[in-house]
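In what comes next, subunit A is part of two complexes: it sits with subunit B in the first one and with subunit C in the second one.
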Partner chain A sequence: MDQLLEGFRIALDMIISGDPVVFSIAFRTLMISVTATVIAALIFIPVGCLIHFNRFRGKRFLVSIIQTLFSVPTVLVGMLVFLLISRAGPLGSLGMLFSPGAIVLGEVLLIAPIIAGLTISALSGMGRDISDTALSLGAGQLQMILKVLSESRYMVLTAVLMGFGRAVSEIGVAIIVGGNISGYTRTLTTAIALGVGKGETAASIALGMILLALAMIVSVTVNTLQHSEKR
Partner chain B sequence: MIRYIFSGILIFALLSTACGGQSEPSAEPAMEQTTEIAEDAGNESVPPRASASRLRVATTTSLYDTGLWSYLEPMFEEEYGVELDVLYAGTGKALEWGRRGDVDVITVHSRSREEQFVQEGYGLERVTFAYNYFLIVGSPDDPAGLEGMTPEDAFTTLMQNGEEIFVSRGDDSGTHGKEKAIWTVAGYDYEDVRTSGDWYVEGGSGMGPTLVMADEMSAYTLSDMGTFIAYRSDLDLEPVVDQGDILLNVYSVLEVTSSRNPEMAANLREFLTSETVQELIGNYGVDEYGIQLFTPCAGLDM
Partner chain C sequence: MILALENISQRKNGQQILSDVNLSVSRGEFFVLMGPTGCGKTTLLRIAGLLDKPFSGRVKYQSEPIPHRGKERLQARRRMVTVFQRPVLFRGSVFSNVEWGLRIRGIPEDEINRKVSQVLEMVDLVEYGDRDSCTLSGGELQRVALARALVIEPSILILDEPTTSLDPNLRFNLLRRLKDLHSQTGITFTMATHDFTDALSLGTAGAVMRNGRIEQMGTIDEIFYRPSTPFMASFVGMKNVFPAEFNADGAIVEELIIRHTSNKRGHGFLAIPPEAIVVSREATVTSERNHFTGIITSVERTGSIFSISVDCGNLLIISSVTRSALSDLDLTEGQDVYISFKASAVHVF
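This part shows the complex of A and B:
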C-alpha cells in the first residue's frame, strides 16, 4: 500500500512539474492516435455512408461482420500488420515496421469497423423522412447524403470519438509493430507495460493517470454530444 | 445554415489536425538527424559515415533490462550521427526479426543458434563482446535445499520433488535455451519437464518480469547475473546455485546480411568491440551495484 501511495505522490509531482519523458510519451501517443483517428474517419465515414445508402445482396451480413470486428483483438491486428509490413512481407519494401507510421496503420485498421459501423447505426437512426424530403425537394444523391449526415453529426462524431478511445488505449498494435523504441515508438500503454515489469511504479502511475485523463475527456465529450443530440 | 458552418468547422478542424499529426512524427527525427550530423562534422576523432536512415538493433532482454543499452545508445548516436533504435526481445524473436530483415544488428546469447543463423546466411559473423554467468535464484530459505549443488543436480531435485515452483522464461529466449540445455544434461526430456505438473510455470516474458514473478511466487528461476543484480534491491531472492561450467553466458553481436545499412551495422560491431567501449562495459554498474555485471571479451572464441 505504501508503495502505491508513494508512487501516486511521485507521479503527481512528475505531472505537475511537467516531466519531459512522461510528456513526450503522452504527446507522441496523442499524435499517433489522432492521426489514426482522422485517417480512419476520412475513409470510413464515407464507407459507412456507401454501405447505408446502397442496396445490395449480403448487406445485413456485411453489417454484422463489421459489428463483430468492433471487438477484434488488438494483438491480432498487430500480427496481421506485422506480417504485412515486415521486410519479408508483401509491403516490406516500404520499410514501415517499427515506426510511428506502422502504429498509425495498425490503429486505422483497428478502429475502421467502429467508425464505419457506428456511422451506419447513426444514419439508420435518422429514419427515411429526411432523405425522402431532401430528394423530393430536388436534392441530388450527394446533397441528400450530406443532409442526412449533417442531421446525424453528433452520433457520427461519437463514432469518431469511440474510435479514438480505442486507438489511444490499445497496446497490441503498438508493441508488435512499434517495438516500444525509446524516444520513437514508445506510447503510453507500451511504456506502462515496460515500467511495471521494471518496477518503475511512479512513472507508470503518472502515465496511467494521463491515459485515464484522455479517456475521460473522450467520454465526457461523448456524453455532452449525446445530450445536445436529445435537445 | 448554422449547421453547415458547424460541419465546415468540424471538417476543417479534422483536416488540420490530420496534416499536423502526419507531418510531426516524420519531421521530428529528420531534424534531429541533420543537427546531429552537423555537430559530428566538427568531431575529427572518428570519421562518421553519415547515413540518413535509422539503425535498428534487436537485443536480448537481459542487455536491455540491465540498462546497458540505454547507457551505450547515446554514445553511439553521438559518435556516428545516426538514430539507433533499440528493440528488446528474447533471443528467438530477435533472430526471427533478423531472418525477416527487419533489424540491422542483433546482440544475443545463444551460441548454437547464432552459429546456425550465420550458417544459414542470415548473419555475417558471430563476434563475442561480453560474458557473465547464469544463476539459479530462489527465496532465501531455499525450501528445496539446492544450495551447493551443481545446476544439473539442482534441476533434478526440483523435478523429483515436484513441489517447489520453478518459473521458466518459456519464451524461446537465450536464457530459456540455457534452461533446456541444463535439463538435457540432467537427463530429462524437456517436454516431460514442461508437462510434469503445476510446479513448472512458463512465464512467457522477459528476464526482469520473470524475476518479479518468481519473487511474487517465492519460486526458483534461472537468471542471467546482470539482470539479477540490477533487480536485486527490489527482490527477495538470493542466488542458490552459481557454480558450474554450463552456467557460462556469452553475449555476441551479429550483423544481419540483408541490412539496408551494412556500413552502419559494421560501425556498431566495431563500437561494441572497441577498446574504449569494452572498458565501459566492464565497468558498467560497478558504481551502482558494487559488482561487475559483464566481463568484456571482444572477439574471444567462447
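This part shows the complex of A and C:
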C-alpha cells in the first residue's frame, strides 16, 4: 500500500513539474491518436453516409458486421497490420513497420467500424423526416446528405470522439506494429505496460493518470454532446 | 394541366398500396385528395411530390413526363414543395429555416432577406425571425413550415393532412390562412385530408380515394352532390342510400316505387337527401311526386337539427327537421306520419 501511495506522490510530482519524458510520451500518443481519428473520420463518416443513404442487397448484414467489429481485439488488428506492412507483406515496400505511421494505420482500421457504425446509427436516428423535408424543399442528393449530417452533427461528433477514445487507450496495435521504441513509437499504453514490467510504478501511475484524464475529457464531452442532441 | 399522375401503382413490402391511379390537377386549383385513413393518400402525395418513385406509371409536370432520376427530375421537384402532416424544423432560428430553400438554390443574400421577410409577414411571424425553432408551439411550427415552403414560390404546394395534429381553434385558423394564401399567391394547392369539411371549405376540385384507388374525381360540387357510388354517397355523409331496380315507372326499392328524373334502367342506387323530405301529420296535396306513409321509429338530435327515422314498410327513411318544426308538428316516436319528396331531389347513380 505504501509503495502505491508513494507511487502516486511521485507521479503527481512528475505531472506538476512537467516531466519531459512523461509529457513527450503523452504528446506523441495524442498526435498519433488525433491523426488516426481525423483520417478515419474523413474516410468513414462518408462511408457511413454511403451505406445509410443507399439501398442494396445485404445492407443489414453489412451493418451487423460493422457493429460486431466495434469490439474487435486490438491485438488482432495489430497482427493484421503487421502482416500487411512487414517486409514479406503486400505493403512491406513502404517500410512502415515500427513507425508512428504504422500505429496510425492500425488505429484507423481499429476505429473505422466505430466511426462508420455510429455515423449510420446517428443518421438512422434522424428518421426520414429531415431528408424528406430537405428533398421536398429542392435539395439535391448531396445537399440533402449534408443537411442530415448537419442536423445529426452532435451524434456524429460523438462517434468521432468514441473512435478517439478507443484509439488513445488501445495497446495491441501500438505494441505490435509500433514496437514501443523509446522516443519514437512509445505511447502512453505501451509505456505503462513496460513500466509495470520493469517495476517503475511511479512513472506508470503518472502515465496512467494522464491516460485516465484523456478518457475523462472524452467521456464528459460525449455526455455534453448527447445532452445537446436531446435538446 | 399542371400535374398529372398516369396509371400509378405502388407496392411496399409486397403489398399493393396504389392501383392504377389516374389524377390530374389544373393550374391555380385547390385540389383536395380525400379518403379514409390508410387509403393511400400520403403514398400518392409522395409520388406526386417526386419524393418516391412509383412501381409503375408516370408523373407529368406541365404535360411533360418526369424521369425517375437526373437533373430534369430535380428541376421539376424544385417547382413543388410538400408540407408534411407533422412538419419538422431544422435546428436553428426560424429565419434560418425559412431561408434554407433559397440558400440551396444559390439566391443572392439581399434577395433572401427580402423574400424571407415578405413570407414571414404573410404568415404573421414577422417577430419570430430570431426565435429558436425548437421553442415554437404546434400552430407556430405549422406556419413556419408553410413560410418555408412558400418562400420558394413553388408552382405546386402539396399539403399532407396539415390540420390533423391541431386543436379545433388552430385548425380553423390554419384553414382560413390556407384559403387566403391560395387566393393571394395563385399557387396550385394539393391537399390530402380525411375530413371532408376541410374539402368543402377550401377545395375547388378533388378526388376521393379508397383502398389505393380513385373512387371519384371532379369538382367539389360533383363529389359532394353527385356521388357516383354507394361508398361515395356514404363518404360524403348522404343518408337514405338504397339499392334499386330502375324501370319506366320509377325505382323499385323494397316494393316501394320511388319517382325520379333520371333515365336509368336496370340495377343501381339512389339517395334521398334527408333535408328534401317533408314530414307531416296529415296527408297534404303537394307538387311532390313521392308520397309515403310510415311510423316514426326514432327522433334523434344531431347538432342543431333533428333526425326523424320513419319506417315505411320495409324501408327506413331518415328526414331532418329543425327544432321549431319538430315542436310545431309535435313529432314523437310511434306516430303515424306522411312523408313526401320531389322526384328531382332523388339522386340516382
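Heads up, the rule we're going with is that the second predicted complex is superposed on the first by the 231 of 231 C-alpha atoms of A that agree within 3 Å, B and C clash if a C-alpha of one lies under 4 Å from a C-alpha of the other, contacts with A are read in each partner's own complex, and residues count from 1 in each chain.
Convention: a residue touches a chain if its C-beta (ideal position, glycine included) is under 8 Å from a C-beta of that chain, and two chains touch if they have at least 3 such contacts.
The shown structure was predicted, so the numbers you read here are calculated from the model rather than taken from an experiment.
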| field | subunit A as common anchor, with subunit B and subunit C clashing or fitting | value | fit
| message | Applying the document's definition of touch, where does A:65 land relative to subunit B and subunit C: first, second, both, or neither? | response | neither
| query | At the CA centre of subunit A, how far apart in angle are the CA centres of subunit B and subunit C, to the nearest 10 degrees? | reply | 160
| request: Quick one: classify A:100 as touching subunit B (first), subunit C (second), both or neither. | output: first
| query | First (subunit B), second (subunit C), both or neither: which does A:92 touch? | reply | first
| request: Using the touch definition from the top, say if A:220 reaches subunit B (first), subunit C (second), both or neither. | output: neither
| request: Could you look at A:212 and tell me whether it touches subunit B, subunit C, both or neither (first, second, both, neither)? | output: neither
| request: Please name the chain, subunit B or subunit C, that touches the greater number of residues in subunit A. | output: B
| task | Name the contact category of A:35: first (subunit B only), second (subunit C only), both, or neither. | result | first
| task | Give one of first, second, both or neither to describe whether A:129 is in contact with subunit B, with subunit C, with both, or with none. | result | second
| said: Quick check: superposed on A, how many Å separate the nearest Cα atoms of subunit B and subunit C? | reply: 5
| Residues of subunit A that lie at the interface with subunit B and also at the interface with subunit C | 150
| said: Taking the touch rule as given, give the residues of subunit A at its contact with subunit B in the complex, in rising order. | reply: 28, 31-32, 34-35, 38-39, 41-42, 86-89, 92, 95, 97-98, 100-101, 150, 153, 157, 179-182, 184-185, 197-199
| said: Residue numbers of subunit B touching subunit A in their complex, please. | reply: 3-4, 6-7, 10, 14-15, 17-18, 21-22, 24-26, 29, 54, 56, 65, 70, 73, 83, 85-88, 99-102, 205-206, 208-209, 212, 231, 234, 258, 260
| In the complex of these two chains, what residues of subunit A are touching subunit C? | 129-130, 132-133, 135-140, 143, 147, 150-151, 231
| Once bound in the complex, which stretches of subunit C touch subunit A? | 49, 51, 74, 77-78, 80-82, 84, 86-88, 90-91, 100-101, 104-105, 134, 148-149, 152, 158
